[in-house]
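Pasting the structures in now, so scroll down.
One chain, chain A, appears in both complexes that follow, with chain B as partner in the first and chain C in the second.
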Partner chain A sequence: MAPPPHPRPGHAAGRPPPHPVRRRVQQHPGPLWRLLSSTSFRIALLFATLFLLAGLAFTGVLWWGTAGTLERQIDAAIRADALALAERWREAGDDAVAEAISERLALDAEDQTAYLLTAPDGRRLAGNLEQLPEDYRTDIQWYAMTLLRDGIPGEARLYVVQLPDGSHLAVGRDVGEKLRLRALLTEGLAWSAGVAILFAFAGAWLLRRWLEERLIPATATAALIAGGDLSPRVPLAGRDDEFEALGRSMNTMLDRIAHLMEGVRGVSDAIAHDLRTPIARARSRLEEALETSDDPAALKGALERGIADLDNVTRVFQAVLRIAEVEAGARRAAFAPLDLVPLLADAAELYGATAEENGQTLRTEWPKSLPLTGDRDLLLQAIANLLDNAVKFTVPGGTITLSAEMQEDAVLIRVADEGPGLSAEDRQRVGERFFRADSARATPGSGLGISLVRAVVQLHGGMLWFEDGQGTQPDYPGLTVCLGLPVA
Partner chain B sequence: MRILLVEDDAEVGRFVKKGLQEAGHTVEHVPNGREGLFMAAGENFDLLVLDRMLPGGIDGVRLVETLRGQGNHTPVLFLSALAGVDERVKGLKAGGDDYLVKPFAFAELLARVEALGRRPAVDAPATRLKIADLELDLLSRTVTRGGKRIDVQPREFRLLEHLMRHAGQVVTRTMLLEKVWDYHFDPQTNVIDVHVSRLRQKLDKGFEKPLIHTVRNAGYMIRAEP
Partner chain C sequence: MRTMPPRLFLLLPLLASLPGTAAAEALRTVPQDVSYCRELAARLAPLPGAEKEPARSLAEEGVRLCDDGYVRTGVAKLRRALKAAQGR
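This part shows the complex of A and B:
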């Protein structure tokens, strides 16, 4: 087994690639093998077979048509001849018939006819046949016989009539024409079969060329992507056929993959960027404590802060993973019909105490019931995150409003606060992971809350948007976060 | 309590074992599922603390399913690095009684271990819970302290009930979130503290002895002694 011509770097360390032999056979087949094993060849072969079958059927019909007609014509000629001779016998007797027979035999230069006239006792009176067919029976008139033509036996048909006095008259004709016709048709069929096979190969080759040409954009794109570049897309020619449909669905798939990859990259960037800070902080605190502190109480305090920092790292990490889990859509399986009202009530109850503690008022407003299909835990967390933000940003004495209403085919949830609000630019960026508006820097938080809300809303096929709040104080215009969740 | 700890990570195992022993429990530690199942099926334990992902062909979920199939109903606490919501559900469905995600604070683990270990002792249909002069009537849903009626909201009643059912034990914030609010996420801000302090104000107002105590770095505990 020769080593593969281009060993892949991943296998350079001595481990052979899996199934090297099979790989090579698949990679470097001969051109004929490639043609024979291609789908286009199979399609062409199918068509050639169908063509041949159609040819056979056509030839069959032709055969029955022409050979049958020929036979009928010959039979009619034989019968007419026999009737004429029988008529003659009635008018003029044996001798006249014998004379007529010898006349006809004399005229027949090609030995195509056969005649026999026998006396009632079976004796031959005239004709070129020796005797009646051996299997002669009075109730059968037609017989097949062999006629020697130039010493070569040929097929013939014989018509035997019994004359009123018991003598027999037999008239036969050579049917070699029919056999020649059969040979001709067979030859024609053989030729057309050959041509059909030729067409099958030529057609396979053409079809293959054409298919390859139409598939090249898709395969080339796939090869580029396999090479590591995710940006190329299958070029679309604007024709509305199967290949375009394939290209389109490939592009959709690639867009989705690219989106997911971006998400993964976003997560790893975020982890790299935003977890480094708290980890670095924890590390420096612990290190500093180790280096400088001889005071056990101070050392203990530093350790505690270090653990708190690590807990914070875990929290951020957990939130990032949860968002990724939701964005991947894996939680759709947990969807169930639910009523949003108790869920909203739970969230309001959970945060109501905190709001009250802060001197804020939490107003709630919703109908009796808001049926919806979704994931209870995630929706609860989304609402809780929004309330958490609202409680954090609303000024003391301000009002937070949690309201929900049923619209045509969606539930509209609003969380309105009386905080510093968000500028138009910041609204664009809210929901990016770890984004925190400048005005929010002073408050605790990871900047992941709205990212999770957005992911949950997207999982439910809904929308998230922001509206101006109804804050009454000039510096606190407030912000309203709106969620539209489709009912079905 | 006699506790079986099945944990393949030596460091985590050592840390948990030491901590539980210091809290006065007897701990057997095995590093894989096969030995764990052997021990759990063969000896009597008050509680199993299981890692979910274990070497040796039997993971935590299989182990619990096997035990439950044998009619063994020893309480099980899962310790797991699998933090997905579904993972948690999977663990509880298999027969686990509680689920704690790694990394965890030891205080959290200890509180849950003690809550589980002593859980069903008073599952008799008690209609009244009593701590010092505080009484909870589960039928009329009323709270009285020193004979004086205290008005609490329904959720505060559930919060107090949970604390009183675990009187003398530490109840952590996440345990309260899970058991009282059925909320399985980290709420970032300490919403629970506000609820507890409101309840505490209602209970202790006008009384000298506080009943709900904050346990530093852990959670809350209700007890008669200061």
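This part shows the complex of A and C:
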């Protein structure tokens, strides 16, 4: 018994059998192939084809106007001559036609005419043609043929008329001039086509070179960017053409990318900075409790504080993720028509109790209805964030005002407080993630509340701005946060 | 310089040719001979302009060429003489 075949390593390992062509052959196209496959060449070829078609149309018109006209004139002259001779035959018979033919031939100094009069039995009666065409048929009158004059060939057209008694009359003319004109036109067209193709290749080469030169700044910049350096920009020559527009677009895109990268870097730094502190604090508390306290109640308290610290960290992460989600526009699909009034009432009810606990007063003012299209949850979150800030920063006994009104095509929401306010510089920066004004350092918070508000407003296509507040004390001028949300 | 036109362009004459025309085999003309020269000379003689120039010298030259064996050229001269004599 023969031993089983030894399995091949690839099969033994369960891998598929090797493909017959494992490696793809690296192709290095030559300059001709590159030229043929380039867009510029295709454009040039398109123009060359159009040029050729235009040339063909022009030649057709030229043909119709020259060789065609000549042919039609010749045919008309032949037919008129034949009809005149046929009329002569009807009037005076064979002899008169024979004499007329002889007279015509005698005056044909250029030797370009051909005549033949045959009897009904086929006998030649007059003319310089030996016979009718061999393939003569009574239903065909026109014949194109080679005419041998003393053995010298030439092209001719012949018109054959059958007379009532069965005899035949043939009248013909040389058309050598027409053929020479035709050859001239054909040759001219062939030369034109050759030149057009030559121009197509030359044009393609020039166009390709010009395009490459104009694209070099963009491609070189893109190559540098691909290499990891985001600082280069496409040099602009100050022209007003498509390549400059491309360069400007690329530069704008690169500026935007750089700005976003900077923002990402800033957020990363902020996350690292702002989260490191609570995590380190939680860790040290837990470690300290583990090492120093044997009291189960103290240990439990330390664990609860650690969990609370970590919950804060989780909340910050959730806020960051929510802002990112809103900025990405993913929530736009949840937009629906809504009335803002119940939403404002809910927020006021929620924070009214907190304000009351702090000895503050929450005033509200809005019309009966404020129709709007948007995301209800996000809008409630944004207003809640503003009220939360107002309650946190307003002095005890102060007043917070939540008001809304309908303007022409937008709803204006105002949240005014009697807190420490914001300087002009801080108002510029509020909305950046983790930004906290110096006056707010002592107040709990993550610096993400206004960031979310700004993202929600931008998602709704609205605006966020700040005005002075309603505070009466010198150190607490207050702040009014205004939201303008478009109705539709 | 003669060029070989592309086949595409050879279609042009076909496109331009009129319908109802048949292509026929080669035809021959009746050979011209000295007797035809005499016939032309006889046709010229009674014309009023036959003795005037340039008809007269053309006719003389035509007859001489025919006699010398250059019938085709002689016939052409005699035909031109006839045209001149008729004032055409």
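Convention: the second predicted complex is superposed on the first by the 325 of 488 C-alpha atoms of A that agree within 3 Å, B and C clash if a C-alpha of one lies under 4 Å from a C-alpha of the other, contacts with A are read in each partner's own complex, and residues count from 1 in each chain.
We adopt the following convention: a residue touches a chain if its C-beta (ideal position, glycine included) is under 8 Å from a C-beta of that chain, and two chains touch if they have at least 3 such contacts.
Keep in mind that this is a model prediction, so the values were computed, not measured.
More residues of chain A are in touch with C than with the other of chain B and chain C. Once the two complexes are overlaid on the shared chain, A:G449 sits against chain B while remaining clear of chain C.
Once chain A of one complex is fitted onto chain A of the other, the partner contacts of A:L370 are absent, as it touches neither chain B nor chain C. Once chain A of one complex is fitted onto chain A of the other, the partner contacts of A:Q318 are limited to chain B, with no touch recorded for chain C. Shared-chain residue A:M145: touches chain C; no touch with chain B. When both complexes are overlaid on chain A, the residue A:P133 reaches chain C alone and has no touch with chain B. By the touch criterion stated above, A:D108 is placed in contact with chain C alone, chain B being left untouched. Shared-chain residue A:A353: touches chain B; no touch with chain C.
In the superposition on chain A, A:L85 makes contact with neither chain B nor chain C. In the superposed model, A:D388 makes contact with chain B only, not with chain C. In the superposition on chain A, none of the residues of chain A is touched both by chain B in one structure and by chain C in the other.
Residues 304, 307, 310-311, 314-315, 318-319, 321-322, 325, 330-331, 333-334, 346, 349-351, 353-354, 357, 377-378, 380-381, 384, 388, 391-392, 444-446, 449 of chain A touch chain B in their complex.
For chain B in complex with chain A, the residues that touch the partner chain are 83-86, 101, 103, 105, 155, 181-189, 191, 194-195, 198, 217.
Taken in their complex, chain A has these residues touching chain C: 59-60, 63-64, 67-68, 71, 75, 102-103, 106-109, 111, 114, 127-131, 133-137, 140-150, 153, 156-158, 182, 185-187, 189-191, 193.
Residues of chain C touching chain A in their complex: 2-3, 5-6, 9-10, 12-13, 16-18, 20-32, 39-40, 43, 72, 75-76, 78-80, 82-83, 86, 88.
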